[in-house]
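Below you'll find the structures, each written out as structure tokens.
Below are two complexes that have chain A in common, paired first with chain B and then with chain C.
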Partner chain A sequence: MRRPLLQRLAHGRRIAAVLLSSQYAYMLEYRAEIVLWALSGVLPFIMLGLWSAIDAGGGLGMSSLQLARYFLAAFVVRQFTIVWVMYTFEEDNLTGRLSPYLLQPLPLVWRYVAAHLSEQVTRLPFVVLLVGLFFLLYPAAFWWPSLSSLLLGMLATLAAFALRFLMQFTLTMVCFWSEKASALERLLYLPYLYLSGLVAPLALYPEGVRTFAFWTPFPYMVDVPARILAGETVPFGPSFAAMAAWAALFLPINLLLWRRGLRHYSAMGA
Partner chain B sequence: MGRYLSTLRIFWIASLTAELEYKANFVIELVATAGNLVGSIFVLSLFYGRGQSLGGWSWEGALVVLGVYTLLEGVTSTLLQPNLSTIVAHVRTGSLDFVLLKPIDSQFWLSARTFSPWGLPGIALGAGLIGYAAWRAGASPAPLTLLAAALMLVASLLILYSLWFVLAASSIWFVKIWNATEVLRSVLVAGRFPVSAFPAGLRAFFTFVVPVAFLTTVPAEAILGRASGPWLLAGGAVAAGSLVVSRWFWQFALRFYTSASS
Partner chain C sequence: MAIVCAQGLGKTYRVADKQPGLAGTLRHFVNRRERAIEAVRDVSFSIEPGEFVGFLGANGAGKTTTLKMLTGLIHPTSGTVEVAGCQPQRRQADFLGQITLVMGQKQQLIWDLPPLDSLRVNAAVYGIPPEESRRRIAELAEMLELGDELRRPVRKLSLGQRMKAELLAALLHRPAVLFLDEPTLGLDVNAQARVRSFLADYNRRFGATVLLTSHYMADITALCPRVLLIHEGRLFYDGGLETLTQRLAPCREVRLELHAPMGADAFASYGEVESIEGREVRLLIPRERLTEQVGRLLADHAVVDLSISDPPIEDIIGRLFHQGALA
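Let's look at the complex of A and B:
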């Protein structure tokens, strides 16, 4: 028998609150590690160093301020779109911890989503600190996005996180059939690294590669949100539509593999 | 010495047998390493494609630097990562006790116990790229150049090893240090590019704080046959110094080891 909608909503809200607060408390215990994880995202700054040294001669089509803002925004976007569900899931699967989770009357995926969101909140103060340090070292680059681009940028970052989570979680389903599935994540990470805009703004890519990249989901994960935050003109509608289309493609595959995988699951390690 | 070599042989054969259980991994690693190399070359081409150069290096010279980096990455996943990542677990569970009781040097045991073949594609691709790019750059295989190149490569490996080992050994105090090696790895990415391509501040950082310059740029200079005496000396000195520091650091850290729980 189904309870009335309002009651179900209240129930869902309570579950979400409990999940998020318990996961947040758990993540706070690991704050030192999370700080180190955050620090290991320095790649945009290294690339900024290279590009700004190249730019000394000019002619990039992007001013050095634009470059600095782009890479700082890319760093921030990357910090809030890091996804590690595959590794946690693989461990939970191998150690048999998955079985008690599956018995709970709650779709397992929400536990991982809550863990990721709480980890991002834990990371937030440290990211703010790093951004402050960046402006201290490079005061000329200081800018504050307008309210609309800030809100849209945050929305795009959240959408990028959701899409990346969905893609990795779809690949994670291989864990049901293989013990070392996380090796596959390395293959998914490659196009992400080179096509997302972490190493260079896509505007600096050759025409053909850029066109190709925008046919993949990767530029929407760093380049698009970063450009919105940096206050550049981005076609919002088509970008969000593309993200929605990719999500619509992966969601059914994910659900199908999840059902198939559960049937195959034999509580290994338990 | 002979005892160490024969132990090493037994160690590596045993771990090779275990690792070969996962043969599909080899294909994945090969694709991942090759893909990464293609991506890095693409990034380099972004710079060179507009007729600019990285810090005055020619395209072939920059490829040699990338080759050295790929080689080092291969060594990292073959030896450094699989071995040194276990120190944390040994400290946490207290099984470091058993390592310390073995009639063999504990630093040697911890640094060479396992051997993971999955980094070998990286080593092969890196060496291939170095050879090809050096040949295209017109480097002459004179005996003196080869000697300097070999010395600088060994120095760079020793520096890399010491950096990893010191970080891993810090787990005696901070059990959760393992992520620090991820930070190190992400900073070392700068070694894909000649150090002179960075602005002055970063260049100083990558030479004196984290010696990325000695990891890839200096060996590449030596391979291209244009290493200068002072840089060769500095490379050797940094390598010897960091090895001594890693040795001393381990002895020092062990004084603080109190085993787990008990």
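Let's look at the complex of A and C:
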């Protein structure tokens, strides 16, 4: 018999609290590794150096200051949208750790969501430190985003994380059929890299490429939230609608593959 | 009414069929072949609430596959299963709250944190109120003789302590049906005995139904009045342990350490000589003649050490199957 809604909400809140706190404690055990991961995400700074050196922005309507703010915001967005669920799920599947989790009355996905969110909290101080260092080295680029930009930027970053997680978790379902499904994610990393806005703001891309990019889910994972945070003009409504549309596409595919995958699951390693 | 009921249960896996070597690898790459393996075939049995049943079979006999089907981890290819009134493969929350599966050497505890952290998560997941979960942890910890270990990171615990903590985590929600797959695997004799006594105590105290697989005959003899024997995916025996022991292991293994090496001929009259390596002799002696023959051995030879045990269950099953007793 189903429990009343309020009881279920309280139960969900308790699960979320203990999952997040235990995962945070777990992540703190690996803080050194997380610092290295945070440091390894400085690609936007490298790209900033490259584009600034050839003054690419100037010719295409972006000042060096705008470029610097965009890449700093892209760095921050990237730090909070990193998703690795496929690699963990693949390992859990191969080593048999998945089985005990599948036997508990909690959808497996929430464990991975909690792990990602806890990792982001662990990462936060190092990101703040790196942002501070950036402003120390490039004080002219300092800016306070307006409250609305900040809130919308945070919301867009959260939505970008949710979309990226959903997309990768959908691909992760291939693990039920293939032992090395993470190769797919490596393949997808290339379009993600070029179409998300990590290597350059999409504003600098040729018109045709830019139009094509916005028909994919990638620009909403970095470019859009980064531009909002950097104070650029972004069509909020269509951007959030596009994210919702992509999520609405991936979610049923994910659920279908999950159900089919469970039928195919062989509980290897257990 | 049975709490576990399997009818005509079968599971067929498709596995890649690859020849060794470079040629085999290339052929496999171009023309991938698969073959079907029937891991479990037409298995039927039922278990009443509160029963403690041993599930025996050699490696690859189909024990773990059957347990996975009973818990809903994998879907049967044929037949039906019902556990606690539910179809396991539907994985409904009501069903998951009534069962547990413990796999020796596999863990659900978070490796880098103390077991108490994982127990907090389990308590929340199963909806056990905090006060009640503290009471249950204390009760189970006492039964398992666990104390400070629950506050130490799992990676710092010995195998025996870890297994006991795993049991605690698996039983916190007080499941009505326990599926235990080699819970004493790799533990030393003392730890095995403690886990065994805990399981017996748990079964008595909470009236839980237990299906236990183990390679250690001692686990089965200490805990299971009834056993199921599976061989090559088929159920060969379902009944009392005593009948099975008499049928499958009419002999006990006697190991001797002699003062000086001797030939096999010198021991032929005591029983079946299994092996002789230097000063060490292994004999199989029928149970009914054990006392008499051991007395003779001690009187006739210079014996430095002597031990008596049941032969490994795999040896017993293997030998009997080889002799056609199971066919």
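Heads up, the rule we're going with is that the second predicted complex is superposed on the first by the 266 of 270 C-alpha atoms of A that agree within 3 Å, B and C clash if a C-alpha of one lies under 4 Å from a C-alpha of the other, contacts with A are read in each partner's own complex, and residues count from 1 in each chain.
Following the convention adopted for this analysis, contacts are C-beta pairs under 8 Å (C-beta built on N, C-alpha and C of every residue); 3 or more make two chains touch, one makes a residue touch a chain.
Since the model is a prediction, treat every value here as computed from it, not as a measurement.
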Is A:L262 in contact with chain B, with chain C, with both, or with neither (first, second, both, neither)? second
Looking at A:T88, would you say it contacts chain B, chain C, both, or neither? Reply first, second, both or neither. neither
Touching partner for A:A200 - first (chain B), second (chain C), both, neither: first
Could you say whether A:K180 touches chain B, chain C, both of them, or neither, answering first, second, both or neither? first
Which of the two partners, first being chain B and second being chain C, lies in contact with A:L39: first, second, both, or neither? first
Taking the stated contact definition, name every residue in chain A that is touched by chain B in one complex and by chain C in the other, in rising order. 30
Contact footprint of chain B on chain A as seen in their complex: 30, 32-33, 36-37, 39-43, 46, 49-50, 52-54, 57, 59-60, 180, 183-184, 186-187, 190, 193-194, 199-200, 204-206, 209
Chain C-facing residues of chain A, complex: 11, 14-15, 17-19, 22, 25-26, 29-30, 96-97, 99-106, 262-263, 265-267, 269-270
Could you please specify the touching residues of chain C with respect to chain A in the complex? 13, 64, 68, 71-75, 89, 91, 93, 96-97, 99-101, 103, 106-108, 110, 112-113, 117-118, 120-127
Spell out the part of chain B that touches chain A in their complex, as residue ranges. 22, 24-25, 28-29, 31-32, 35-36, 39, 42-43, 46-47, 49-50, 52, 54-55, 174, 176, 179-180, 182-183, 185-187, 189-190, 193, 197-199, 202
